[in-house]
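Note that subunit A is present in both complexes that follow, paired respectively with subunit B and with subunit C.
This part shows the complex of A and B:
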C-alpha cells in the first residue's frame, strides 16, 4: 500500500481537477442543460449533430487547423534559429533570451488588449508606421478585415509563444555534446552546416515534443481571439474554444458547448497518440 | 551578482511590458464582497451588483452604508461582478442554489427566462403596496412585466440618441436631421469632403443592430416587432419592412457613411473618433453622455461642442415615429431567498425618491423613479433626456434583449457580415428567421 500512499495526493488532485471534470464534460455533451430553466434532458448525440450542422463550427475547425499549421510553420523554425543563435552563455545572449521569453509571462488578455490598440484601424501604431513609410494615410482594418484578421491573431500568438519554444529547444541543444561541434569545427563545418548536420538530427525528439506542444496549444487558443475579435467579423476568426464559449455562455447551450469540448479533447488526444507513435518509432520500438 | 541583476532586469522588463498593456492600472476585481459591519444575528441580504466602475461604485457604497445605519437588523452585503462576467456568473450561482437575494437583471428575454424557470419572485403584490409601483416612470415598467406578473423593478434607463458635433454642423450650415432622408443628405455633405459622417464600433457585434432595431420599429411598427421577437408567438418576421430596414442600414455601409473598420473598432476608439472630431456624428446609448460630457477620455471643453438629436423618423412607416429606443436595467429578488422581507426592505430603500435623487446627483444617469431628475440633481442634457422620455409615447427595446440568446447570437453575427458586405440583407433576415424558428420549437417543447 505504501506506493499507493505516495501517489495518492497527486492522484486525488488529478481526479478532482482533470479526470472527473472530463467525465462530467463527456456526460454533459449528451444532455440538454439549462440551469435557469432547471432543465437537464438526455438527448443522446443531438448536441453533436447540432454543432456538426452549424456553419460557424466548420469555420472554427478550419481556422484551428490553419492556426496549427501556421504556428508550427512559423514558431518552430523561428524558435530553432533563435535557440541556435542565442545558445552562447554571454551576457548579451542571456539578456536576449530573457527578452524573447518575456511575452510568455504576460497574460493573454493583456496581450490581446495591447495588440488591439497597436492594430487599430484608426489610431493604431502599425497603421501610423505604415502611413509614415507610405507617405499617405493607411487605414487597414487589421482585425476588422476578414482577409487579415485571422493572420493577425496567429501572428500575435507567434509573438507570444516563440520565445517559450526557443527555451524548450535551447534546453534540448544544451544536451548535445559540445565535442561534436568542436570536431565539426575542426573539419571546417560552418554555422549552417553544424545546425543541419548536428543540431537538427540530435534535436529531433525534442522538436517532435515541441511540435506537439504547439499543436495542442493551437487547439486550445481562446484568450487572444476573445479579446481582439470575439470570433468576428461574422465568425471569420472563430476557433473551437471561442465557439465553445459562445455556445455555452452566449447562446446558453451548455450541452452543445460540452460537445465542442469533447471534439477538442478528441483532437488533442489524437495529437498525443500521433506523438507517442512517432516517439516509439524514433526509439526503434516494434 | 550577475544573476540577481539579470533577475531584476527581467522583472523590470516584465513590469514595463505589463505597464505598457495598462495592466498596472488598478481595476475592479471580477467579484468582490463588501465586508459586513452588522450586529451578530442580523438578517443577511446579499445584493448582486454590476456597478464596479466609478462613480457608480462609490455612490452605491454610500447608499448601502446609509441603509446599514438605518437598518442595523439587516446585514447588507454587496457583491460586485464585472458586467462582462455577470451573465455566466449569475446563471452559475442560480444553478448552484447560491444566488444573491437581490440581483441585477437586464429585462426582456433574459429576465423572462428567470421567470419561466421560477428563479425570481413575482413582485406584483409588493408593488401594489403603499404605491411602490406608482413611483416608477411609466415607460420603464413594461419590460419587467410578463405572463401577468412583474418580475423586477427598474433602476437606470438607457436610450439611444444621435450625438453630433455642433461646430462641424454650423460650419456647413447643417441642422440636425429629423427624418432618415435628411440624415442621408447630411451624411452626403460630410462624405463629399472625404470624412466618414457616422462613427461606428461593432467589435462587440451589438452596436449595428441598434440602427436596424429603430428602423424596424419605425417601418414595421412597435407592436408587430415585439410580437415577432417573441418565441412564444407565431411571429415570423414576414413583413417586407424587415428587409427594407436592413437594406437601409446596408446603404449606410455601402455609401461609406460609417467610419472605416467598424467591425474592429472598440467602444473606446469609437468615442475617440467623435472626441477627436474625425467624425461629426455617432449613435450611442445615454450611458456615454457622462463620459463624453466630462471625463479624462475627451479633451477639455469638448462637452460643450456636441449636442444630441432624436432617432430620425421614417415618414410613411407603420410605427409611431415619436417612439424612443432603449431599455432600463433593474433588480429582481431570488425566488429561493430566505430573507424576502429584508431583501424587499433594501429594494424599497434603493428605489425611494430620496435615494434615487442622490443616485442621479452622483451618477448623472437617469434613475427610473419619478422626480429623481430635477434641476438640483441633473445637468442640462440629462434633464432634456428625461423630458424626452416623459413626452415619448413609448420606448421600443433594442432587439438583442428581446431575442432568445441563440437567435441573438446568430443574428448579430450575420449583421457584422452585412457590415463588411459578405452577407446580404436578405440572408441576414433568413438567418434570423431560421434561428428564431428553431428557438420557437424549443420553447414549445419547454412549455
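This part shows the complex of A and C:
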C-alpha cells in the first residue's frame, strides 16, 4: 500500500481541483445556468449554437489564428537568430541574454499596463518619440484604433516571449556537437551557412516543439488583452479567453462562457497531443 | 590577408552594435517606466524623455497608500503556501513514480500528466460556482487548491526526472538497514535533489505570482493578489500616470531583482517548464 500512499495526496488534489472541474466545465456547456448560479435545464448543443452565431466569437477565432501565425512568424525566426548569435558563454552574450529574457518574469498585467501608457494616443511615449523623429505631432491611437490594436497587442506578446523562445532554442542548440561547427569552419563555411546547414536541420524537432508551444500560448492569451483593450475597440481585439470571460462573468451568460471554454480546451489539447507525440519521438535523443 | 581580417573585425563589431541596439530597444519601455515613475505628474507627458528633475517619491506614496504593499504581502503569502504544498505533494508522488513499482503506475502517471497543458479558462466557471456555493468567494483559500492542482503535473514530471538521476546505492544500503520509504524520501532524495526542488519551486512560484485570470474571477472582495490589485489600481488612478507607473515598479522590481540574482535557477526552471507558457 505504501506506493499508493505516496501518490494519493497529489492525485486527490489534482482530481478535486483540476480534473473534476474540467469535467464539470464540459457538462456546464450543455446546461443553462442562471445568474444566481443555479443549473437550470439541459439545453444540449444550444450554447454552442448561440456562440457560433455571435459575430464576436468569429472575430475571436480569427484573432487567435492571426495571433498564432504572427507570433510564430515573428518570434521563432527572431529567437533563432538571437540564440545563434548569443550562444557562447562570454560576458557580453550572457548579459544580452539576460536582457532579452527578463520580460518573462514581469506579470502580464504589469506589462499590459506599461504598454497601454507607452502606446497612449495622446501622450504616449511612442508617439512622443515618433513626433520627434517626424518633426510634427503624431497622434496614432495604436490600441484605440481598430486597424492597429490587434497588431500592437501581438507585438507586445512578441516583446514578452521572444527571449523565452531564444532560451528554449539555445538549450536545444547546446545539444549539437561542437565538432560539427569546427569541421564546417575549417571547410570555410560562413556563419549563415553553418546556421542553415547544421543548426537548422539538427534543431528541427526542437523548433517544431517550440512552434507548438507558441501556438498553445497564443490560444490561451488573456492578460495583456484584458488589461490593454478588454477585447475592444468594438471587439476588434477579442480573443477566445477575453470573450469567454466577458460572456461568463460580465454578461452573466455562464452557459455560453462554458461553451467557449470547451472550444479553447479542444484547440489546446489538439496542439498538446501533437506536442507530446513530438516529445516522445524526441525522447530517444537528448 | 590583413584587409580580410579587418573586414571580419568590422563585421563582428557591426553585429555587436546591432545586438546592443536591439537589447536597448527591448529594455527601453521598462527603463522609461522606471524613470517616469520618479517624475512629477505633468512632466511625464510634457517632457517624456528628460531625466526626472528633481526626482519625487510622491507617486510611490500614492501607490503605497492605495494598498499595493498589502497586496504585495498577500501575493508573497499565497505564493509561498502554494509552492510549499506543490513541492510536498509533487515530491511524494515523484518518489513513488521514480523509485517504487506498483500496479497502475503508468496509467496514474498519464492521468496526472494529462493536466499539463489545460488552459485555466476550462475550470474558471466550475471553480467560481463551487467557491460561491461554499461561501469562499473572494477568499484566497479558493485559489490554493486550483493553483496547486494546476502546478502538480509539470512538477511531478520534472521531479521524477530529477529523482531518477539520484544514485540508488545510498538507498539500497539504508533499505537493508530497515529504513522506511518515508525516511528515504525525506533524508536521501529531498537533500540529493535539492536543485530540482529549487528549480520547480521557482518555476511554479513565478507562475502563481503572475497568474491573472483565475485570481481575477475568484478574488472579488478586498483580498487581492498583486496582478488583480494592480489592475484595479490602474482602473482607479488611470489619470494619474505617475502613480500607476510607481505601482508597476513596485510589482515588477522585486521579480526583476530576484531574476538578476537567481538567474541561473530561473532560466533553468522556466525553460524546463517549456510546456507551459
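The rule we apply is simple: the second predicted complex is superposed on the first by the 252 of 286 C-alpha atoms of A that agree within 3 Å, B and C clash if a C-alpha of one lies under 4 Å from a C-alpha of the other, contacts with A are read in each partner's own complex, and residues count from 1 in each chain.
Rule of thumb we're sticking to: contacts are C-beta pairs under 8 Å (C-beta built on N, C-alpha and C of every residue); 3 or more make two chains touch, one makes a residue touch a chain.
Keep in mind the model is a prediction, meaning the values are calculated, not measured.
Enquirer: Do subunit B and subunit C fit side by side on subunit A in the superposed arrangement, or is it a clash?
Expert: With subunit A as the common anchor, subunit B and subunit C collide in the superposed model.
Enquirer: In the overlaid three-chain picture, which partner chain does A:99 touch, first (subunit B) or second (subunit C), both, or neither?
Expert: A:99: touches subunit B and subunit C.
Enquirer: So, A:261: does it touch subunit B (first), subunit C (second), both, or neither?
Expert: second
Enquirer: Does subunit A have more residues touched by subunit B or by subunit C?
Expert: Looking at subunit B versus subunit C, the one contacting more residues of subunit A is C.
Enquirer: After superposition on the shared chain, which partner residues are touched by A:58: those of subunit B (first), subunit C (second), both, or neither?
Expert: neither
Enquirer: Looking at the overlay, what does A:194 touch: subunit B (first), subunit C (second), both, or neither?
Expert: It touches nothing on subunit B or subunit C.
Enquirer: Quick one: is A:46 in contact with subunit B, with subunit C, with both, or with neither? Answer first, second, both or neither.
Expert: Neither partner.
Enquirer: Is A:251 in contact with subunit B, with subunit C, with both, or with neither (first, second, both, neither)?
Expert: first
Enquirer: Which partner does A:16 contact after superposing on A: first (subunit B), second (subunit C), both, neither?
Expert: second
Enquirer: Mind working out whether A:235 is in touch with subunit B, subunit C, both or neither, as first, second, both or neither?
Expert: A:235 sits against subunit B, while subunit C stays out of touch.
Enquirer: Looking at subunit C, which part out of 129-137, 147-155 or 183-191 clashes with subunit B after superposition?
Expert: Stretch 129-137 of subunit C has C-alpha atoms clashing with subunit B.
Enquirer: Show me the subunit A residues, by the header's touch rule, that subunit B contacts in one structure and subunit C contacts in the other.
Expert: On subunit A, the residues that contact subunit B in one structure and subunit C in the other are 37, 98-99, 102-103, 105-107, 110, 113-114, 123, 249.
Enquirer: Once bound in the complex, which stretches of subunit A touch subunit C?
Expert: Residues 2-4, 6-7, 9-11, 13-14, 16-22, 24-25, 28, 33, 37, 82, 85-86, 92, 96, 98-110, 113-115, 117-118, 123, 125, 128-129, 132, 159, 161, 163-164, 167-168, 171, 209-210, 213-214, 216-217, 219-220, 222-223, 226-227, 240-241, 244-245, 248-249, 254, 257-258, 260-262, 264-265, 268-269, 271-272, 275.
Enquirer: Enumerate the contact residues on subunit B facing subunit A in the complex.
Expert: 2, 6, 9-10, 13-14, 17-18, 20-23, 87-88, 91-92, 94-95, 113-114, 116-119, 202-205, 259-266, 269, 272-273, 278, 405-406, 409, 413-414, 416-417, 419-420, 422-423, 446
Enquirer: Can you tell me which positions in subunit A touch subunit B when the two form their complex?
Expert: Checking each residue of subunit A against subunit B gives 34-39, 56, 91, 94-95, 98-99, 102-103, 105-107, 110-111, 113-114, 116, 119-123, 139-146, 149, 229-230, 232-235, 246, 249-253.
Enquirer: Given the complex with subunit A, which residues does subunit C contribute to the contact?
Expert: Residue positions touching the partner: 15-16, 19-20, 22-23, 26-27, 29-30, 32-33, 36, 44-45, 48-49, 85, 88-90, 92-93, 95-97, 100-102, 105, 108, 111-112, 115-130, 132-133, 145-146, 148-150, 152-153, 156, 181, 185, 206, 209-210, 212-213, 216-217, 226-228, 230-231, 234, 241, 244-245, 247-248, 251-252, 255-256, 258-260, 263, 266-267, 270-271, 274-275, 277.
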